[in-house]
Structure formats: structure tokens, C-alpha cells
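Read from first to last, the chains carry the letters A, B, C, D and E; within each, the first residue is number 1.
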């Protein structure tokens, strides 16, 4: 396989193209202005500045995060979960965040009681668990489920819709996303953070297989420093605060 | 009492009055030919008799039985049993293109008379043979010539053993060469004693087949007479004018 | 080209894709049965002079003709349970949405075909003593079917193509399996190319047959 | 849950902007598709075997495979094959134009076929050269006859365009989903978006019936 | 030397041979009427003369000029300049439905003769007035009756000042009442001295307009004579049979 000189190309172009999809508060699209914010985007801004280029955000959906990267529509897929299967087809930066899968449910749903805390409690006959097709929730949950039914849907909206319409009893995805849903719909929405946690995957940046490790190291070194100085944590807190207000 | 009796027929299309008290009678041994200028209501008359048009007044009787009674308001009353004893053949064949010749003939007897399939087919084959169409039973209408189509249409109407046949310009859409075969079929039917009412523009045929010719204009009977009288010695000026007009190209 | 094609995973996944294709075909078949039957009934209803019948039918037809099938499916799947308190399976809801969509389009095809049947056939039917129902069944329906067949089949293939949308409401059709496999193997480009070819492999021969049939009916119905 | 449509008012401009994006690329795709479709329809009536087969396969491919896959393919596979970079907007316009060309060509082809051969005879009897025949006799009649069908294609393309949200194009559908993600009220949003599509699509289909009734009366002698 | 001369014409449709060495001549003062049974090749003959059909052999000349020469293999040669001097009117009008009456008349002179717009329109209006259609210039074909359509079609052909006019059953598609107006238009043209070849099934009209009648059958001329001779005293048995067949309904 050909090796590409990613940063050289990026610097020649002057822009770093980053594939983004909605995952508040990691990445948020403001519906009123169409502008993106979120701490993953802030991190990218910082990195781009450090190699002296501009960030060019390319909007996509979670289902196309890998395809668009492979097709060269953008250089970096932002906020991908690291897992071994994906690593066969992609390269990763070091993780800068770890996420937790939360289970969103309808408080009026009689199937769900307050003593259900582990994923096994939900993995019973008659329970339907919605996940976002191809997203980390899907990849993490699917292998662990034996009795419950899985409902693979396109996006977070459909997941929420599934819970509202009782197509699904719970919707498993990033707990940060659920936090917003609960805040906006206090009348019915609630979430459980299962313990033990469902998956302990890091969230990182994805790059094409053809990007050489030397180039990835450039990104990793930058991220390492941001983590060490606590900059990432500060960015997260700012973004999360902005979301909930 | 006459076989066919039309009494005080009133027929309107919206505000256009076609018949305003029209009377006509015909005996069961008659073959009545209707002639008249375009738009005078010949087709309308046949359609009324067939029960295809809602009439606003008057009665139409067959064998003394008033099977259609007009109503000024609301729908006319129509006796469907008697209606089924009238057969009609149209200018444009109106064969059903999705059915074979045999299918066209058998549809009505099987579906509206409850005749068995093999009985219907036997009867159909007999009629087709009589009309020289025995070898066309399995053909579809699109595979027939115009003359053949029209003869099939006549046979189809005969499948229900009508007591009266109505023919509305059945040869007008045909190539001149094909007119004769259809007219022959009708002649044969006439010889077999079928009562008929015929609308045609072909004066020669009218003369040959009619026992009575009715000349109508603007919804009124102007003159009714035996063919030799009406064609040879018309009493009314208007009849004379009409005949002159129609026949002069052939002078 | 800066991409290594790898067909290994896709090859392994082929049986799964075939299962998906089977679901797609089943959906298409049933949606077409609904579309053909219901479409004709709606077309006949639309011929009625009674406003109480035609109004709701018009609304139904126009809703399905004027909104994206994507929204119809999602709406059926999620909003129907919320609003009407009924829970039917995803597969059934998908089928219902597709079937109703197709019926709306087919009813228009039937309507055009019925209008193309000469009015004189109604007269001829009356002259032959056929009643209203007999006329519809033995004279109008067969001709409408024949005349509308090219459009009906085109619509039918269209539904085959559109049925891919049910993947978005997690019906395990060909598209769903394709998307699932591509996120499992991270070989979206190969998988979806193969899926596209599989759709084409079904629709192309069908379409050629339509062209052939179209020519034949034209000849038969030529008067 | 209680439905509340009031909050949508805050987003009316955003939704309109999404609609505007939709209308932009749909219009472009329609115009390109119209020209391309006419060329294709001529290819499809060609007596050259190769041109005929290729154009037939092209048309059948785009009519017979899910538009979702076509979009995906143009977005993610075409850049690999051509080794070029295409913007989202360009990709969407390319994908929808290719699709609309295929369906448009069918409308034109049907219209061309419906013109009786006697019209050609009449042209020869009047000594009209082939270009005059095509431009002044055949084309105007074909266009007139194809208009109802072409308008229906406008409606279908407008509707199908909702699919571009699936590849991340900020059209009406995508904006709707974005709002729903933000306020987490998908039912209201979905219904509102459906109504917006309907509000555009419905007058268009009415126009089709109107044109059909009026125009065809003139053309069908 | 004859005005129109057809020599040894060979015409085939696939394996079906319509003409196998057909000859015909006509002088410039003649109005030749072709009669014969359906399918005998009357239309085909006119279509060949108009250059609408590829012929496999023979020549067709106008004014001594062989403008069409058949070729057994490959395409015939056709002189387009002479072809433009022949006008033809068809059974089904073939007006251009998207153009007004005036547009139909002006298209050919403007586009193929390069006549100016106002010249063409003046000429068109003159012709239309002559045919009593002056008030129909802005109408579309769909707004005209069949008889009017056919008269417009004749006027359209005359716009190019043809030296020879071909008429193929131009009244067959018309309602009987409308036949006369078209035939009168043709009579008028005949009186103005236009050479014509006419195919018709109307024997009375044939007799009135023709200076020469040709009876053909299966691609052969059986008999050609002045109308009074051919109709009054046919020499050939087959002619007699044919005429009897066509005329006897009118006996």
C-alpha cells in the first residue's frame, strides 16, 4: 500500500479537513447558525494552529465516518472510539477522552425498575435495546447481549424516538448525549449508567491506514501535551457547561 | 298494441333539449331505419331505448311492457329484465380487447345469465359459424379486420337472445370494402325475422333492409313511410332536401 | 488510486447479504400485492362522485405522493405507536408504509388507465346486461391492469429500490445487512458496491421484461 | 408525552435555510438532469448497438438501485476512482443529476415514441430537412408531451433529495435532525419537516394534473 | 414524354413484394384516380412517389426528370429538389398539433424555402381565404373539425407550389357530412389545373374528378381508362367484379 505524507499534504493545502458528526458535547452543531463547537473541535483547532494550518470541518453522519475517511473526503475523523476491529482498517491517535455508555429510558416504562443497574439486568427476554448503527454503542453492546433484542437505528434522534414510542425500552449510547435529552425532557427521560461500565474505550482521532506512524506520532505528541496540562479537561467542562444552559 | 312504443319522450343534455315529447311505434315484424341530419338525435334515441341515457319524461315499452319511465326530477325507473331483452351494436365495435372473440361472446351469458361455460361456448361457436367466423374464435380483436370486429359485435349481442336489436351506424367506421360483409350479416338477421332499429347514413342499404323508414330532424319525426315511398316519393320538403343533399354526390 | 480494495470480508459476508436480499424481495413482493390491490380499490373510489369518499382518498394519495418516503417510514415506525397506541413489528410497519406508498402511486396509474378505456365500454357492458360490479371486474379491471402494467411494474421496481429505506428503521433487509457489515468490517466501500450490484442484478432483468411486456400489450390492446 | 410545536417557531429561519439548500441543489440537479436526460433519450433510441446498450444499462442502473447507495457511492467511491476532491455540494449535485437524468430520459423516450411516424412522413412531404424536423416538429411535441411526466419527476427528485441528509448534507431533513438533536424533541420536528415537504410537493403535483389536463388537450389532435 | 413516369418500379417490405416491375404514366393535364381493393398497393405507390419509401428498383420521373432511382442493394438515389415539387395529403391530416393553422402553413416555406415571415403569412392567408378558412388562421388543429383539418392540410401542401399533388384517401377518416367540403376543395383545385394523383374509395367522386382512372390489383395495373369508360363499360372481368362489389350496395 502507498504511504501518504499526510501533514505535508495538509500543509501544502493549508487546511486540515476534519470529519465531524453530531455527538454533544464532543461535537455540537448549532442549528441556528450551522456552526460547530465542542471540545474535540477545540482540540483540533489547537493542533491545526500548531502545524500552521486552518481547520476545515466536513459534516457527515456517524454511519459514514469511516467511509468518508477512507475515501479521502477528510483527513481526520474526529471522536472515534478505539477498538481492535476498527484498528484493522484505521489508524488511531492516542485517546484523549474516555466515554461511558448510558442507557436512556422512559420513567413511565414498567419494565424498568430502579434496582436495574448492570447491563445484565437489561439483557432479558422482552427487552429491546436501541443502538446507533455502526456507532460505538453498537460495537460495544452487540457482543454482550444474549436475550434482549437489538434495534439498530441511524442516529441519536431515532434512538430517542424509539424510547418515546416504546419501540425500544432503552437507548444505549454516549452518556453525554443522554444528559442533554434528560435535561430537555425531564417529564419522561432518565438514564442509567450501568455498573460495571459497559465499555471502557478511549475516544481518539481516526486516520487512514496509509498514514505512516511517524505522522501519527506528530498528532500524538500534541495530544499528550494537551492531556498532561489539563487543557482537554478544561475544554470539556466549558463545552458541557455551554450545552446545558 | 305496438311491439315498441315510445310515448312522449323527453330527453335533455343539461339545458339542451333533444326530445320534447317524441313518439314512435314499431311492430314486431318491422325493421325500422332512422335517417336524419347529423345531430338530430338518432343515436340519442337508440341510447335512450337501451337504457343508457337518463330520460326526463315519457315511457318506452317493449311488448307492451313500459320498461323505462322518465322522471322530471331524480332518476328514471328502469326494468333491468326487459332492458336485457334489447341488444345494441355500436359504431366503434366496443369489443373488449383483453378477451378473445370467444371470451367476448361468452362474458355476458356466463356472468349476467349464469349460463354454464360449455353451453355458452357451444352457443358462441354456433353463432360464429353462422357468420363465417368459426375459425376466428381464438383471435383477439386487435387481430381482426374492422368488418370481422363488427360481425363479432353483432354475434356478441345475439348471445343474449334479444327480442329487439339496435344498430347505431355500425358500418360508418369501416373501409368501404368491409361494409358489405356487415350489411350482409344484418340482412341475414333481418331474414331470420329479428326486429331491428337501425341508424345508418347508407341510403341504399336503408332501402334494402327497411320495412319502414323514419326521417327525423331536430328531435321530431318529419316523415315515416315504407322505403319505396319515402325514397321514391317523399311527401315533405325537408325530407326531399335531405335526400337530395345526401344522394347528390352519387348522381 | 489511493485505496486497497479488499474483498475478503465481503466474500465471507455474502451469505448474510443474500439473507438481506431475501428480506428485501419479500418486502417488495408484499408491498406490491398491497399496492396492486389497494391501488385499484382507491382508483375506483376516486371515480366516485361522493365527496365524503374522494376527499379522504385524495388526502391519502397526496400525503404519500408529496412527502419523502424516508419521512413516511420513520413517521410510521415511531409516530404511529405514539399517536395511536399500536405496536407492530418494524418489518410490518415498513411493509405497511411501503405498501401504502405504492398503492397511492399505483392508484394514479390505474386512474390514467381507466380513463384510457373508451367510455363506450361502459355502454357496451350495459347493453350486454352486466351490472356495475361485473363491469368493474370483467371489463374495467383486466383492461386497466393491462394498460397500466408498464407503470405498475415500474412503480413496483421503484419500491424495490426504495425498500432500502427500511434499513433505517432496523428491518434486516439487504441495505441493513450491507450497512451492518460495513460497520463491522470497516470495508464500507467494497460492501456497498457489492450491495448496489446486487440490487441492480435483480432490477435489471425485471426491467427488461417490462419493456418486452409493454410491447406485447400494446399490440394486444391496439384496436 | 405532550406534544409541543411552539418551540419550532424559534427555528423557522433555520428550517427555511435548510429548505433553501434543498431547493438549490434540487434545481441544479433538475436542470442538468433535463439536458442529460434528453441526450440519453436520444442515445436510447439510437440504432447504434453499443450506444443503445450502454445508455440502457446506465438508465436501468440508476433507476434500479437505491438512491441512498448511489449517493453513498458518489460521495465515497467516486473520489477514490477519480482521485479528485469534490465538495459535498458538488457531490450531491452530481449524484442527483445522474439519477434525474436517468428518470428524465425515460419521460422523453416515452414522449418521442408517442409521436406518430406520420409526422415524419408529413415533414418529408413538406420538404423539411432533418434538423428542421427535429427542432421544429419533433422536439416541441416531445417536450409538450413529456411536461406532465417531467413535472412528476421534479416532485420525486425533490422528495428523494431528503436522502442527502444521510451523507451529511445540510438540507432540510438534516437541519431538522440537527434541531431534534439539540432540543431532543424528534416527533414535532419530524412532523414539521414532513409538512414542509408536503407544502412544496403538493402544489407541484396539482400543477402536474392541471398541466396534464390543459396541455394534452392541445397536443393530442 | 409524359409528365409523370414510373418505370419498372420494384418495392418490397421485407420478403413481401408489393410491386415487381410496375409502370404508369400521367400527363400534366391529367387527374389520375387510383382505385383497387384494400392492400393492393395504392398508398404504397403514392408513398414511393413522395420519396417516403425506399424502392428496390425502377425509376420515378417528374417532367422528364428521374428523381427517384431504386437500388437492389443499399439506398435508392433521390433528388430532393424535385421531391419538393411533389405535395402530398394524407388520410389522417398529419397537421402539427403544436402549431396554429398559420404556423402549420408557414413552417415549410420559411424553414425549407427561406421565405420571409410576412411573405409566408400573406401567402398562407390568401390560401386560407380561398378555402374559406380565413377566420381559422389562429386556431390550433385540435380546435378544428375533421373537414377543416383536411382542408388546412391541403393548403399546407399548396404553400410550396407543388407541380403535382398526391391525395391518399383524404376523406376516409371524415364524417359523411364533412366529406363534401373537402371534395369541393379538391374539385376547385382540379379546375385550377393542378395535376393530381388521387386514391379514393368514393367512386362517385372518382368519376367526377378524374380524367383518367386506374384500377390496380396486387401491384399490377389491370385497366386504365377515362372515367366514363372504366365505370360505364369496364373491359376486364376483374374490374367489373370489383366495381360490382363496391357499387352494388348502392344499386
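Please note the rule applied: contacts are C-beta pairs under 8 Å (C-beta built on N, C-alpha and C of every residue); 3 or more make two chains touch, one makes a residue touch a chain.
Source: prediction; values computed, not measured.
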Practice item. Could you tell me which chains make contact with chain A and chain B both? Key: C
Practice item. Please indicate which chain is farthest from chain B, where distance is taken between mean Cα coordinates of the chains. Key: A
Exercise for review: Have a look at A-D versus D-E and report the one with more C-beta pairs in contact.
Suggested key: A-D
Review point. Going by the average position of its CA atoms, which chain sits the greatest distance from chain C?
Key: E
Practice item. Find the geometric centre of each of chain A and chain C from their Cα atoms only, then give the gap between the two centres in Å, rounded to an integer. Key: 37
Review point. In whole angstrom, how far does the Cα centroid of chain B sit from the Cα centroid of chain C?
Key: 46
Study note, to complete from the structure: Whole-Å distance, C-alpha centre of chain A to that of chain E, is 81
Check your understanding: Centre to centre, by mean C-alpha position, how many angstrom separate chain B and chain D?
Key -> 52
Revision key, fill the gap. Residues of chain A that touch at least two other chains are 63-64, 67, 70-72, 154, 158, 161, 164
Point to revise | Of all residues in chain C, the ones touching two or more other chains | key: 2-3, 74, 78-79, 82, 168, 188-189, 192
Check your understanding: Name the touching chain pairs, would you?
Key -> A-C, A-D, B-C, B-E, C-D, D-E
Study note, to complete from the structure: As the complex stands, chain C meets chain D at residues 1-3, 62-63, 65-72, 74-75, 78-79, 82, 157-158, 160-162, 164-165, 168, 175, 188-189, 192-193, 195-196, 199-200, 202-204, 206-208
Revision key, fill the gap. So, in the complex, the side of chain D touching chain C is made of residues 1, 57, 60-61, 63-70, 72-73, 76-77, 80-81, 83, 155, 159-163, 166, 173, 186-187, 190-191, 193-194, 197-198, 200-202, 204-205
Check your understanding: Given the complex with chain C, which residues does chain A contribute to the contact?
Key -> 1-2, 4, 63-64, 66-67, 70-72, 85-86, 88-90, 133-134, 138-139, 151-154, 158, 161-162, 164-167, 209-210
Exercise for review: Note which residues of chain A are touching chain D in the complex, please.
Suggested key: 21-22, 24, 28-32, 34, 58-61, 63-64, 67-68, 70-73, 154-158, 160-161, 164, 180-181, 184-185, 187-189
Point to revise | For the chain C and chain A complex, residues of the former touching the latter | key: 2-4, 74, 77-79, 81-82, 87, 90, 168-170, 176, 179-180, 182-189, 192
